[in-house]
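Look at the two complexes coming up: chain A is in both, with chain B in one and chain C in the other.
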Partner chain A sequence: MKNRFLAGVATTLLASALSVAAASADVLDTIKERGTLIVGVKADYKPYGFLDTSGNVIGIEPDLAKDVADKLGVAIEYVPVVSSNRMQFLEQGKIDLMIATMTDRPDRREVVLIPDPNYYSSGTNILSLKSLGLTEWEDLRNKPVCGIQGAFYNKATSQNYGAEIVAFKGTAEAYSALKAGNCAAFVYDDSAIVAKTNDPEWADYEMPLQTIDDAPWGLAVALGEENFAQMMSDMIIDWHKTGRILELETKWGVTNTPFAKAMNEKYNQ
Partner chain B sequence: MTWKTDLPVMLPVTKPEPEPFLGLKAWHILPVALFAILGPSLGFAQTEDGGQNPLVVLMNWAPLLLQGFVFNLVISVSAMALGTVVGALLGLGQISLIPVVRGGSWFVTQFFRNAPWLVLLFFAMFLLPFEISILGLKIPFPDWLKAILGLSLPVMANVSEIVRGAVRSLPSGQWEAAESLAYTRMQTLWLIILPQCVKRMLPPWMNLYSILTMATVLASIVGVSEVMTLTGQALASEGGRPELLAPFYGFVLLLFFIYCYPIARFTVRLEKKFAVIG
Partner chain C sequence: MDVIYEWFRLLYQETGINLPFLYDEYDRNRMVDGFLTTVWLSLVCLFFSVIIGVIGAWLQGSSFKWTRRFVNGYIQLFRNTPPLVQLYFFYFAIGTLLPRVENDWGGQSPILGSFAWAAISLSFFAGAFNVEIFRSGIEAVPKSTVEAAEALGFSKLQIYRDITLPLAFRVVLPALNNNLVNLVKTTTLAYAIAVPEMLYEANQIWSDNVNVTEMMIFLLLAYFVLVGVLVGAMNRWERAMKIPGYG
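Now for the complex of A and B:
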C-alpha cells in the first residue's frame, strides 16, 4: 500500500517535471520568461561582428540581433561563436538565435532551421599582389594560398583550382603571412577584401579575380521552432523593405552590396 | 685564531652558488619587455599612416586583455586546487596496502599522466553537457568550468605521482622506526611520513602549477574567452593589421612571464633550502 502511494507520488512528480519541459518547448516563451534573448554572433569578423576595446560585441549582426530583442521587448545577450561551434550551440539550446555570417547551404538546413528570405550574401575572392598578375582562379594551381580555418571556400579553392591552402586561426595572422610572402594570395569574403584594397597600406594589392560562390547568408533558429522562424522571416523582410541592412552597411563602413540593394528593391515594388 | 685542516666537517660552510647559469634578475624583465613590445612597434613606425601607432592600439586593448589574463589565473588556480585534492587522494591510493585500490589508482594516474592535455580538454568540452537538468531545475555548466575540469585531470595525475614519489623517497627507516614505536600505519603516514613529504613535494608542485598556468591558453582552442581568444578577437577588430601581431602576442607573453617567473625563482630557492648539502 505504502509502496503504491510512493509510486503514485513519484509518477506525479515525474509527470509534472515532464510537463514543465513540454511547456517550455516553444523558445519564444522561454525567452520572454527569461527576459533575455541569447544570440550567437561572431566576435572576430569585422565589421559583421567584432569587439570594442571594452569587450562588447558590436557590428552589423549584433545590431540586427538587437532589433529582434527590441521587437520581443527583452534584453539581449551576445555569445561569441566560431564557425565550428555555432550550429552545436543552437542545437544544445545554449543560444536562441544565431546570426553568425553563416552561408545558407542545404546540408546546414538539415541541422538548423533557416528562415527565408536570406538576410545577406557574399562571395569568395582573393587578395594578392598586383605584381603577380593573377587573372583567373586556375592561376592559383599548386600555389600556397592563405585562408581562415573552418571557412567553406577553402575546400572549393583547393579542389576546383588546385591551390594549396594554408589555413590560419584569424585574419591578422593570414594578412601577416600574405605580407611576408608566405602565400601567393589570401582567399576570403569579397566584401572584406574590397575594404582592404581601399586601405593605403595595401595599395600594392588587388582583388583580381571574378567573385565566385556568391552565396546567401542565413540566420538560424533551432529545428522545430516554427513560431520563432516565422517571426524571423517577417523581420528579415522588414529589414530589406525599410533599408535597414543598407543603413547598417553604411554605418559600419561597408560599400552597399548588390544583394542588399536588390532585396531592398524587390520588397519595395 | 686560525688553523689549517682538510676535514670537511671543520671547513666553514660555503654558500651554495647564488644563481644558476640561466637565472635572470628582476631587472632583466625590462629588456624582455622592450624586445617584445617596443621593438616591433618601432620597427613598424614607418607604417604609421595606415593607422595608429601599434603601442597606442595595444594600450587601448590592455585592460580587456588583462581581464582575460585574470580569467586564465582563475582557471589555473581552480584546476590546481581541484587537481591537488583529487591527486593527493590518488597518490595515497597508489601506496595503499589494498591491491585493488593500489592497482586502480596506478591505472588512473598512468592513464591521465600520459594523455595530451589538449585531448583531455577536448574530451571535457565535448562530452560534458552545457547544462544539467534535474527535475526541471537547470544547472548551467559553462565552458570555463569544463576547462577547469579538463585541465585538472592531468594535474591530478601529476600530483598523484608527486605524492607517491615523495612518500617513496623517504628512507624506509622512518617506517621501521615508527613501527617499532607501535604507531599504526595511519598514524605513521599522517604524523611522520606526510609532514616530511610536504617540503619535498612543494618544488615539483609549484613547477606543475607554472606549467598549468601556461597551459591555460589551450582553452582558447575550445572557445573559452581567455586572454588568447581575446587577443585573436582584438586583432580581428583592428582589421587584422600585421604589424600588431608581435606587440599583442608579446604583451600576452610578458603577462605570463611576469606571473610565472617569480614562481620559478621561488621554487629554485625552496629547492636549495631543502637540498642536503653534501
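Now for the complex of A and C:
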C-alpha cells in the first residue's frame, strides 16, 4: 500500500516535471488519439449547464462543447465541475476544456489560458413582480431590495440608485423574502434571474431593467496549449458570427442578451 | 472633524490599516445606522423581556392550573430552542402566514418587517429566561412577609406589586444582569433576517473593502463598549436600590 502510494507520488512528480515538455506534444493530438474530448461544464446552473431527468448534462454550454467535439471529429464526455474546482481540474489534466460560466478575471488568466474573445457575459439585474411595473434602476429608490450578503453590486445599487438593500445569507432566503413581499425586487446575476423567470412558479415575476456591471465569461484551456487556444478563439468568433450563441439562447429559453447581440453585429460588419 | 477622517484615510494609504467606516462618508453612515439599530433593538428587547418576565412570574403564581401550564409551556418552548431557529421561524414561517398590507411602493408586504420580528422573537426568548429569574427572586421572599401583608388586608395584586416584586427585584438583579447582557449580544443574530444592525453593516463594509480583520477587531471592541455601558448602568442601579440589612 505504502509502496504504491510512493510510486503514485513519484509518477506525479515525474509527470509535472515532464509537463513542460509534454505541453509541446499538444493536447489536440492527445484528444484525437483518445477519440474523446473531455469538457468540464456546470451541472447546477440552469439553463447554462444542468441535468435532465435521466441525469445527462444538457444546456447551452454542453451544446457549445459538442460543437468543439464535432469540429475535432471526436466523441464528447462531460465532467460536472463547480466554481471551486474547475480551474484545478484543468490544471491537473482531468478535463481538456472548461466551459463553466466562469467570469473572465485577470488573476484567473494567470492560472488558465482564456482564449479571446469572450463567448458570453452576465451582469446585474433584478427580479421583481410584473405588477410593480419597474422600468429603470432609478425606480428602486427608497424601496427595499433583497440581495445576497457579500455580493459586490449591493453597494452600487444602494449608492447609485438609492435602493435599501436587505441582504440575506443565501439565495433561498432571498427568493423566499421576495415572494413574501419583504422586498420590491431581488438584485442578482442576470443569468440566474433569466432562468427563474422561465420557472412557472415565478410566472408573475420579470427581469425588467437594463443589465448593468456586465462581466464577460471566458472558456479556458490549460496553460501552454496555444494551438488549442487558437482553435477555440476561431470557434468563438465563428459562434458569434453565425449567431450560434443567439440560437442556443433561444433554444434554451433565454431572451437574447445584449452581449450576444452586440458580438453578433460586431463580427458581421 | 474632517481632519480626523482624513487622518484615517492617510493611515490606510501609509499602513494598509483600512477603516473605511471612518473616512468614507457612505460607509460611516452605514456604520452609524447599524450602531443605532443595535442600540434601539437592544433597548426594545430589554424593555419587553423584563415586562414579560415580571408578568410571567406573576402568572406562574396564579391559582388557575391552566394559566400556570400556559406559562410553563411558553418557557419550555422558548428556552429549549435556539434563538436563531426562533428568528427564522417567526420571520419565514409565521411572517408569511399573516395578512399582508398595501405598502408605499404599490406591492403587498407582510404586516411586520424584519426589525419587528427580531424584537418580538428576542423579547420572547430572553423573556422566558427572565420569568425563571424573577421566579427565583419571588421564591426568595420570606413567606412570613407575604403572610404579614395578607394580614394587613393587601390584595393579591397589591402584594405582588408592592411587597414581593420590590424585594424580589433586589435579589434577582445579578442574574437579570447576566441575561440582559446576553440579550444585547444575541441581537447580532438579527443579521440572519437582514435587520441592518452592526454586524450586518460590518459585513456589508468588509465585503466591499475586503478588510475583514479590521472590521472584526472593531466589532469586538464596539460590543465590548456597548455591553460595558449596560453593565455599568445596571451596577449603579443595583447600588441605588440597595436596602441596608436586606440581601
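Remarks
By our rule, the second predicted complex is superposed on the first by the 162 of 269 C-alpha atoms of A that agree within 3 Å, B and C clash if a C-alpha of one lies under 4 Å from a C-alpha of the other, contacts with A are read in each partner's own complex, and residues count from 1 in each chain.
One rule holds for everything that comes next: contacts are C-beta pairs under 8 Å (C-beta built on N, C-alpha and C of every residue); 3 or more make two chains touch, one makes a residue touch a chain.
Quantities reported herein were computed from a predicted structural model and do not represent experimental measurements.
In the superposition on chain A, contact of A:46 is made with chain B only, not with chain C. Within the superposed three-chain model, A:253 lies out of touch with both chain B and chain C [touch as defined at top].
Between chain B and chain C, it is B that contacts the larger number of residues in chain A. Within the superposed three-chain model, A:85 lies in touch with chain B and out of touch with chain C [touch as defined at top].
Legend: residue contacts after superposition of the two complexes on their common chain; A:94 is shown touching chain B, with no touch to chain C. Look at A:73: by the touch rule set out above, it reaches neither chain B nor chain C. After overlaying the two complexes on the shared chain, residue contacts for A:54 are found with chain B alone; chain C is out of touch. By the touch criterion defined above, A:132 reaches chain C but does not reach chain B. Once the two complexes are laid over each other on the shared chain, residue contacts for A:224 go to neither chain B nor chain C.
With both structures placed on the common chain, the touch criterion links A:159 to chain C but leaves chain B unconnected.
Shared contact residues of chain A with chain B and chain C: 169, 173, 176, 180. The residues of chain A lying in touch with chain C in their complex are 129, 131-132, 143, 146, 149-152, 154-155, 159, 165-169, 173, 176-177, 180-182, 184.
The part of chain C that touches chain A in the complex is made up of residues 26, 92, 95-96, 100, 103, 105-110, 113-114, 192-194, 196, 200, 203-204, 207-208.
Residues 13, 16-17, 20-21, 43-46, 50-55, 80-82, 85, 92-94, 169-176, 179-180, 196, 199-201 of chain A are the ones that touch chain B when the two sit in their complex. Residues of chain B that touch chain A in their complex: 47, 49-51, 60-61, 63-64, 67, 129-130, 135-136, 223, 225, 230, 232-242, 244-245.
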